[in-house]
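Shared chain: chain A. Partners: chain B in the first complex, chain C in the second.
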Partner chain A sequence: MWWYVGKRLLQAIPVILGATLLIYAMVFLRPGDPIVALFGDKPVPEGTYQALREQYNFDKPFLVQWLLFLKGAVTLDFGTAFSGQPVIDLVQRAFPVTIKLAFMALVIEAVLGVAAGFYAGMRRGKLFDSTMLVVSLLVIAVPIFVFGFVLQLLVGIKLGALPALVSSQATFRELLLPAIVLGLVSFAYVLRLTRTSVIENLTADHVRTARAKGLPDGQVNRRHVLRNSLIPVVTFLGADLGGLMAGAVVTEGIFNVPGVGNLAFQAVRRGETPTIVSVVTIMVLVYVLTSLVVDLLYAWLDPRIRYA
Partner chain B sequence: MSRDLNPDQPLLEVKDLHVGFAADKKTVVPAVIGANLSVYPGQTVAIVGESGSGKSTTAHAIIDLLPGTGRITGGQILFEGQDIAHARKSDIIALRGSSIGLVPQDPMSNLNPLWRVGTQIKESLEANGVAKGKAADARVVELLEEAGLPDAERRAQQYPHEFSGGMRQRALIAMGLAARPKLLIADEPTSALDVTVQKQILDHLDRLTDELGFAVLLITHDLGLAAERADHLVVMYRGQVVESGPALEILQDPQHPYSKRLVSSAPSLASQRLSSVQARAEVREQAVQTAAEIAAEVATHDDELGEGRGTIVEAKDLTKVFKIRGGRPGQSTDFTAVDQVSFQLERGTTTAIVGESGSGKSTVARMVLGLLDATSGSVEFDGVDITTLRKKDQQLALRRQMQPVFQNPYASLDPMYSIYRSIEEPLRLHGVGTAKERETKIRDLLDKVSLPASVMTRYPNELSGGQRQRVAIARALALDPEVVICDEAVSALDVLVQAQILTLLNELQSELGLSYLFITHDLAVVRQIADNVLVMQNGKVVEQSTVSEVFENPREDYTRMLLDAIPGGSIPLGVVEAGDDV
Partner chain C sequence: MPDGRPSKIRPGQERYVARLEDTPLHDVGALDTTAPPESQWKEAWKQLRKNPLFWVSAVLLVFLAVVIAVPGLFTSNDPSFCQPGKSLAVSSPGHPLGFDRQGCDVYSRVIYGARASVAVGVFTTLIVALLGLVTGAVAGFYGGFLDALISRIGDIFYAIPLLLAAIVLLSALNNVWPNRGFWGSVLAIVLALGLFGWPQVTRIARGAVIETKQQEFVDAARALGATPRRNLLRHVVPNSLAPVIVTATVSLGVFIVAEATLSFLGLGLPTSIVSWGNDIAASQNQVRAGQRLGTMFWPAGALALTVFSFILLGDAVRDALDPKAKKR
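So, the complex of A and B:
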């Protein structure tokens, strides 16, 4: 198995190189001059302009820019933002918040999604099942920012049950509402996936054999239906965790969460290459690592899968 | 309720049982109509019938595990005098495992792939209060040993995918017997296994029955097997019990027309008869004659591959070595699946390749078809080495002249294609005829395989297994091939359907002068279809001879073992012969 883990980590290197190169190319091709934009309406003094261009390597061809970034990245120097702060500091502040948010969303969608999906699958065609099918379809169909604003208004402002905005502290209570919004769409997918999988497994031969052994229904459902139904769900959740990080841009914007989504969004608007590329690099790294963890989890859930 | 068994009282009594499946809210499709049967303590009773006869439904009704919308709509099921057809759910759960055990049909799908085999048996012990914790673990090992699994302690720690089919079935037997039930329902326990493994498993089950004294309700489609293993037979046909009585009596003097058909045509029984040898000789004579005419034609045609030789397929020293990836990158071990196999297939005859799973017989078939490259050796089709065919039109010609029929008619037809489209596809691919001509051809093909033209617009899921295999044969014949390679073409079918398909293949051979390469694990079917036999074991040919020679004077122990494994082979038959009008 260690061979496999090592191989997967080695595979991450070309992925990160490719991703950063792609981002560099895209930022380079972006219309407008970031330095000019920095001064807003005011005229830019020629000397300062040249100095800034040199400081941020904007005067060099983009391949050179990219190589210089890589050189710095190896020593954990990701450059400085336009505000003068080292990018690494910005990222260090924003990442824990986003990870906390994404993890909360993951727990909400996984726990509630599997529970509701399992219950719906067991009572196929009954009221709960039909309701869940309609609700999940609705959740999938409506854009996420609509839910964001509606919940913010209803729960956060009208009812005042939860904070409507997130402070720089980003406490658990403050993050609850954005986490629900962030996890909502995936909750609907997890629910549907679990439901289908449970229905399929209920008629499996080995489930009948388990009943024929004299096992009580509870044990049959838990040990032979639920566990087998989780395999496709785990695959989905793994792929989704990366999506939760990226999808955080919209949700973080609505609730003013000081996370990477916000950071990346601001940096893109300013054309601040070092920040954008740093955030993306770390996102890629997180994605590679989570998918590795999911694959290992997958092997633990399903003994037929062995990595060599 | 008294737990003592009275040998005069039936352990299980099914009285006028009706089972139906609800098609919609109003209509109920009956599956079992007024079935009666009784099983006495320690007795083995077999229910025999084809797919859809209601035999498995009866078995599942007894332990209340009817699938889907199935319901008991009438009658009684008395177990030790108590009606369990109308018992509460908790009472039935209490009965399962401890009083009535089940050994299911397909060992591949009946073990949960996510739990260790030992854990799954332990569940049965714990659920029925036999043993707990460490004691249960120890008992699991004993049970696996009892079921004839060597190295049981290690095996209990393994997962189902690490077991072969036969080993899984042994684990399922251990599971079914874990709580020492008084009645064991064995639902086609060996139909998914090779005949030799089938014999081992059933022999073992027989020994356990004798030692432990439980009663067995054996469900099977094979009359030969039922008669060999059971004291009492119940023959079911279309949901009804048509005949029941002592096994030998039914076999030697069947009363109902359906039982008569079963006795006369089940390949396991028919293979003993000399009449099948004579019938085969007649088929061959005619086929060889027709084939010679075709050969003469081929020799003069340029667009056909080959020279019109008498030997249509010749394999020389065919060898296939697979590389198996090792634990580390770059590591691999060689596995020789086929080792120096040579044979000749004469025009208008059938050569059978017989062996167990893993003997390499299917690999040979794939190499002959050109679907797999041989590591060394050659295959000549009518004097042309097929491994050297480089030109596209030559390769296409080979495909036209050599066609396969595969084992599983459920998997080899595209479920989204209508029957017409499935049969038309090869014709269209090879650009044969106009749309109108193709339709005429398809009608003709369906007629040849005895299917009504009305099936053209239907889809595979609307047809039975036997009908689907007829479609697969029609598709194989669409391009007028000279050679048809049948890879376990009848193994997935019920005995009577097997017999029908074998008859069809014989008829087609004599009519069209076809040559067959017939791959099978079951020697029983060989006598009705083949002229020459190759017996393969572990990739090597161990015996190669004519069919009658192999049946009458088997030289190798392995061949003898395969012959012994034919169920019902030792039972003296009655007067019914294949030719009788029934």
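So, the complex of A and C:
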């Protein structure tokens, strides 16, 4: 298995290099001079201008800028933001908040999605199943920020049940509402996946065998139906962690969460290359690592799978 | 040997030849060979016709197509004619849904907004499906180095979250190419979403092609002398289309939602273009203040109904194309 892990990590290197290069190229497309933009209407002193250009490597060719970023990134030096703070400090402050938010969303969507999907699949065609199908389609069809605003207004402001905005502390209670909003779409996907998978497994040979040998229904459903139905769900959840961090751009904006989504969005607006590339690099790393963990989880869920 | 492969019978080994009655060949005589062959698509259409959900989504989508083609049929108001004096006014004769903050007629904006939103969805899906199908088919069919190359390049685009990538690319495009008009703006979003959306279809197409190329009829075609290219285009690709079509239909809805999200972030269509995404984004202040929720409800509802129809259609098509799922 370690051989497999090593191989996968080696395969990840070109992906990370390519992804950072791609983002660098896209940010480089902007013809506007971010340093001039930084000074707004004020004239930029020539000496300062040159110094800043050198500091941010804007005077060097595109590929050299990218290589310099990589060189720094290896030693965890991601450059400095326009505010003068090292990017690593900004990321270090924002990242835990987003991780907390994303994990809360992941737990919410996984628990509710699997439970509702399992129940719906076991009672296919009944009222609960039909209701859940309509609910899941609605959740997918309505843009997430609409839910964000509506829930913020209803739960946060009208009812006052949960905080409508998040402070710089980003406590568990404050993050609950944004996490629900963030996990909502994936909840619908998890529900649909689990339901389909449960229906498929209910008629599978191994479930029939388990029933035939006299295993109680509860055990058959838990050990044979549910466990085997989880394989596609786990794949989805693993791939979704990266998606949740990107979705955080919207959710964090609505609820004013001080996370990486907000950080990235502000950086894009300012054309702050080091911050954008750092955040994207981290998200790509998260994606690569979670997909590796997912593949390893397979073996636990389905012992037939072996790694070479 | 009928399949053209050299036989490998070891000395002393006897071959058992079954009687015709014991083999599946026996049933061949029972088949009505004069009947015209039923293609997978004809069979699927038969199934589709029986599905009420297909008809629900089909009626909704045909209605949507009419709205896009001739919006003047549904409203005589100009969506860009706004009277600041009527800001947030409630409904009045000729203006059934009232007015938004700018004093524009909400109903006519919902009608005219369909065009931009659906255009983004349709064209992004076309690009993603085409690019995904070509790369996936080549990777799956030829394997080896081409497969590794396409898969790794796909990984790079897939590893960057779609929304974030689109934000970065669009913010760059807005600077390089400002004031790009209706189709230019649509194209920019299509490019941003398409450039990072194709690897998902590639993966699905690749999987389907690998599965199809192992089937007997592909071997048969090869044995009859079909070149790999002909085999790929005439036999493998047509038989791998089903999952790609299903994914494309569902993702059409997802791309429409993505356009709305980008517009909400201020990076989608310029505000001068009437689109559902822009109207939902513009209404956020009213919703925050808790007044005139209709300004968000109607464009969001129209968008949701459209996406809903496409997902339903995708589900119905999947059930029709996957004979295994039907029985369940």
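To be clear about the criterion, the second predicted complex is superposed on the first by the 307 of 308 C-alpha atoms of A that agree within 3 Å, B and C clash if a C-alpha of one lies under 4 Å from a C-alpha of the other, contacts with A are read in each partner's own complex, and residues count from 1 in each chain.
Criterion: a contact is a pair of C-beta atoms (placed from the backbone, for glycine too) under 8 Å apart; a residue touches a chain by one contact, two chains touch by 3 or more.
Just so you know, these numbers come straight off a predicted model, no measurement behind them.
After superposition on chain A, the partners chain B and chain C are seen to clash.
Of the two partner chains placed around the shared chain by superposition, chain B and chain C are both touched by A:T203. With both complexes superposed, C is the one of chain B and chain C in contact with more chain A residues.
When the two complexes are overlaid on their common chain A, residue A:D302 makes contact with chain B while staying clear of chain C. Within the superposed three-chain model, A:L22 lies in touch with chain C and out of touch with chain B [touch as defined at top].
Legend: residue contacts after superposition of the two complexes on their common chain; A:P258 is shown touching neither chain B nor chain C.
When the shared chain is aligned, no partner comes close enough to touch A:G238: not chain B, not chain C. Listed for chain B are the stretches 418-426, 508-516 or 562-570, of which 418-426 clashes with chain C, judged after superposition on chain A. When both complexes are aligned on chain A by C-alpha atoms, chain A residues 203 touch chain B in the first and chain C in the second.
Put simply, chain A touches chain B in their complex at residues 3, 7, 203-217, 219, 223-224, 227-228, 301-304, 308. Against chain A, in their complex, chain C makes its touches with residues 152-153, 155-157, 159-165, 167-169, 171-173, 175-176, 253-254, 257, 260-261, 264-265, 277, 280, 284, 287-288, 290, 296, 300, 303-308, 311-312, 328.
Across the interface of their complex, chain A is touched by residues 63, 65, 67-68, 93-98, 101-102, 104, 106, 109-116, 120, 123-124, 127-128, 159, 161, 172, 175-176, 178-179, 325-329 of chain B. By the touch criterion stated above, chain A contacts chain C in their complex at residues 11, 14-16, 18-19, 22-23, 26-27, 29-32, 137-138, 140-146, 149-150, 152-153, 157-158, 199-200, 203, 242-243, 245-247, 249-250, 253, 264-265, 268-269, 271, 276, 279-280, 283-284, 287-288.
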